[in-house]
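Labels for the chains are A, B and C, by order of writing; each one numbers its residues from 1.
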Amino acid sequence: MKAHYQLLIIGGGPAGLSAAAMASAEGVSCAVLDEQPTLGGQIYRSIESIPEQRAQQLGSEYLRGKKIAEAFRNSKAEYYPNTKVWSVNKGREVGVLQDNNTRILTADQIIIASGALERPVPFPGWTLPGVMQAGAGQILYKSAGIVPDNGVVLAGSGPLLLLLAWQYLHAGVEVKALLDVTPLGNHITALPKFPRALLAHHYLTKGIAYQIDLKRAGIPMLFGVSELRAEGKELCQRVCFKHSGKQKTIESELLLTHFGVIPHIWLTQSADCKHQWDDSQQCWRPEHDEWGNTTSEGILVAGDGAGINGARSAEYAGRLAGLEVLNSLGVINQVERDSRAVKYRKWMKDDNHIRPFLEKYFQIPKELLATANNETIVCRCEEVTAGEIRQAVRDGHDNTNQVKFFTRCGMGACQGRQCSNAVAHIVADESGKTVKDMGHFRGRPPVSPLTLEQLASLKKEEI
Amino acid sequence: MFKQLASEQIDTVDIILNGQHVQIPRGISVAAAALSNQQRYTRTTPVSASKRAPFCMMGVCYECLMIIDGKANQRACATLVEEGMTIENQLGVGPALEVEQ
Amino acid sequence: MNSDVLIIGGGLMGSSIALQLAMRGCQCTVIEKASPGRHSSGVSAGGLRLLNRDPAEIPLSVEASKMWRDIESLLDSDCDARFPGQIRVAENKADMDKLEQRAAMVRSLGYQHEEMIAKKELYQLVPALGKGCIGALINRTDGYARPYHAVTAFRRKAESLGVKYYSSTEVYNIEKEADVWSLKTSAGIINGSILVNCAGAWANKFATLLDEPVPLTPKALMLMVTERLPHFVDPVMGAASRKLSFKQMQNGSLIIGGALVAKLDFEKEKTDINWSQLVESADTVVSFFPQLKDVRILRAWAGIEGFMPDNIPVLSQSSTDENAYHAFGFSAHGFQLSPVIGKVMSQLILDGQSELPIAPFAINRFN
């Protein structure tokens, strides 16, 4: 790994890999830094090593990753797995951790393609062993062929839930129920976006096909579910909820939940990029132009880390960012950049026709975002409840960072990844302000924890 | 809670998981190994000694902290199993720190 | 006496002074440009340190130390204060000599709180300490508390006594109209009879408006905090000749300091961690406590603080107007002093003089 690259790409998913293939094709010195042991990001996890049979079971969208991986491997871009970026600053100095040693690399241009994470939504019992995120189920399946052995309940709102149910069905897993918490009213409010969604109808037909399969297999799918909670003595033993006006229970030791995905903004925060609250996607994302340039010079974003647009758009966005970098480095001129960009922009536009509808349809209701039940733990690491957060606001700590200082929300090992959104919503709710006003947790480096020895190893390098 | 699909049989490694010798397919994470070998929880919290188990499997929740080869606070989902590895549930903040004699 | 007091700055000092004045019946208004404790007050290392103070500060710090031990009766909150002591370890004879000289100097001033201890007692007190230390200087009654909780406790007690707080309110200008201070702020004009400048790193702006600029330098010192650990050390740790500074907090995490400077853009209030400096801190901790090498840092930060060239604060009446006062420039060691600063300044304002000696802190000492 060199000390300096023309282009450093952080993240080994579709956006990062596509950007790398694009840029390195023109001779730019380029490296992808991937914290995972193998490439593909989350969506194409284990794409290079997965046994054929399992890959087929995952569906055609997953298989698309193989082409992306191949194109990357055929390019001259360098790939560094197990390489964790713990700091990116405005000066484009990148702190990396590899083999227990830290180094600082520099780059002329950086593309942050660190993707998304599941939107963490606290609900009663969500910290019980046996309650996991749906993405976790996918990762276990993709990377290790591991599936639930005693049945599973899936709950939440979003296309991933349907996909996972279908994948499990075809793997012979007992899906006890799919509980959709999407408010029934969303069917109406999303209707105006539907016509545009038809332009990306392959998404819709796929969704319908999955539903038909699940229905045929007799898997209960309940809609308009509310008051979701997991219960049990120390471990998850049952899932309780309200449906059609009645309280219901399903015995299950495993509950996988999904409430959409949100951009992972810890690196763009570290790089001092400006962020904006996206009302439609209900998340914070870095401000960027149509090429991915953020407000920090020479630092771009691409993929779901820039805003949730899905895997295909991530590929196209990666290419666009790659083209922009080539232009910024003087390798191609603007005319060439713009003309080569045309097709990617078109494909991205076509792909994104589905978004307004999906975002409106799968809007997460306020009771879930601003955790309604006060006994529910919001900060998992420090075990701070929604009630304690509300009390802190009443005591005069009226923004997320003050609440953090007082309650220790966000001061645990996950550095606020699992609680910052919920804290922002609760504080906004309690203080009568909007989440936009709240601001994100002031992220503090290192972006991921470093041991004292790892930090000390920086000394041995020329800094 | 989980199991390995039967069709997936490959190269395995021998590890000690919470005191038991088990064979685990090479290349999977410690968290995956624990979840597919009857472990219902993998740590207890420092604040309230509550039981927790892996949650996100992608390295962003820090729930899967276990003691791996004697080192506490290791993310089990981000560590691949290796021959002879010892894996234990982490209780609270883990064992007392060593003292030089 | 019922005077209207305007206090610029809602950190520890502003709130401590407001509290003491309110306890003596004054009507106080605190004007804070961000949120109370937003800057150094809320993000310090929380050290309650009497050990190794500048001689000018010792009388104040001794009194502050007593106040902290009974802080609950003042603030209705114990701020989670603990008092396991603080030590500075010696690694060699030169260190021991240096520490002994210090101990002797403090005794010569009439104070007994700084003691030398030998190797045996050192390792009894800190069994986890790595080999190679031969003794230490100790103050057995030092400790630490939680800074933001202290800020909150001061504020809430002050509010309960009628102190009014303006948050997110910047003071643009100070004017005087017929013996009344008129502050032009982002929330409109606020008037009062007495003005107190507790604006921390921004205090020179107001000192300058009062025609008495001071050589105050804003700097940001870096701190790191680790994950929670099993309890292994009681006293706060320092070293005679190396930049060792850490304490294990109530919840088991370590706060590591070391007086290392971050990059600071004061205009934008943006700090940038200087990793090459932080490396020193990490390295030093591990060299004294090798078993900490695998302990993980969860975050590093730097709060914006005001430093005076002689490293002691400005505590005095204004030299240009008898109805203005200053309490700023605590140079990264104000937390422990905060309760007594309120007392001292309220005495200065209401009685014309403080019971404790504050002559060395005069604003005009730089002329």
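Everything that follows uses one rule, which is that a residue touches a chain if its C-beta (ideal position, glycine included) is under 8 Å from a C-beta of that chain, and two chains touch if they have at least 3 such contacts.
All figures in this text were calculated on a predicted structure; none of them were measured in a lab.
Peer 1: Which one chain sits nearest the middle, judging by mean Cα positions?
Peer 2: So the chain sitting closest to the middle is A.
Peer 1: Count the touching C-beta pairs: is A-B or A-C ahead?
Peer 2: A-B
Peer 1: State, to the nearest whole Å, the distance from the C-alpha centre of subunit B to the C-alpha centre of subunit C.
Peer 2: It comes to 43 Å between the two C-alpha centres.
Peer 1: Where the centres are mean C-alpha positions, what is the separation of subunit A from subunit B, in Å?
Peer 2: Their C-alpha centroids are separated by 24 Å.
Peer 1: Could you work out how far the Cα centre of subunit A sits from that of subunit C, in whole Å?
Peer 2: Here the centre of subunit C sits 41 Å away from the centre of subunit A.
Peer 1: Where does subunit C touch two or more other chains at once, residue-wise?
Peer 2: 227, 251, 292, 294, 296
Peer 1: When you check subunit B against every other chain, which residues touch at least two of them?
Peer 2: Correct list: 73.
Peer 1: Could you list the positions in subunit A whose residues touch two or more of the other chains?
Peer 2: 412-413
Peer 1: Flag every residue of subunit B that touches subunit C in the complex, lowest number first.
Peer 2: Within the complex, subunit B contacts subunit C at residues 46, 71-73, 92-100.
Peer 1: What residues of subunit C sit close enough to touch subunit A in their complex?
Peer 2: 35, 37, 42-43, 148-149, 152, 155-156, 159, 225-227, 251, 270, 272-273, 275-276, 278-280, 282-283, 285-286, 292-301
Peer 1: Could you pull out which subunit A residues touch subunit C in their complex?
Peer 2: 87, 89-90, 95, 104, 272, 395-399, 402, 405-406, 408, 411-413, 415, 444-446, 449-453, 455-456, 458-459, 463
Peer 1: Using the touch definition up top, name the residues of subunit A that touch subunit B in the complex.
Peer 2: Interface residues on the subunit A side: 35, 37, 42, 49, 51, 53-54, 117-118, 120, 127-133, 135-136, 139-140, 143-150, 171, 234-235, 253-254, 264, 380-383, 412-414, 417-418.
Peer 1: Applying the document's contact rule, which stretches of subunit B touch subunit A when the two form their complex?
Peer 2: Within the complex, subunit B contacts subunit A at residues 1-5, 7-8, 25, 27-29, 32, 35-36, 40-42, 45, 47-48, 50-63, 65, 73, 77-78, 80.
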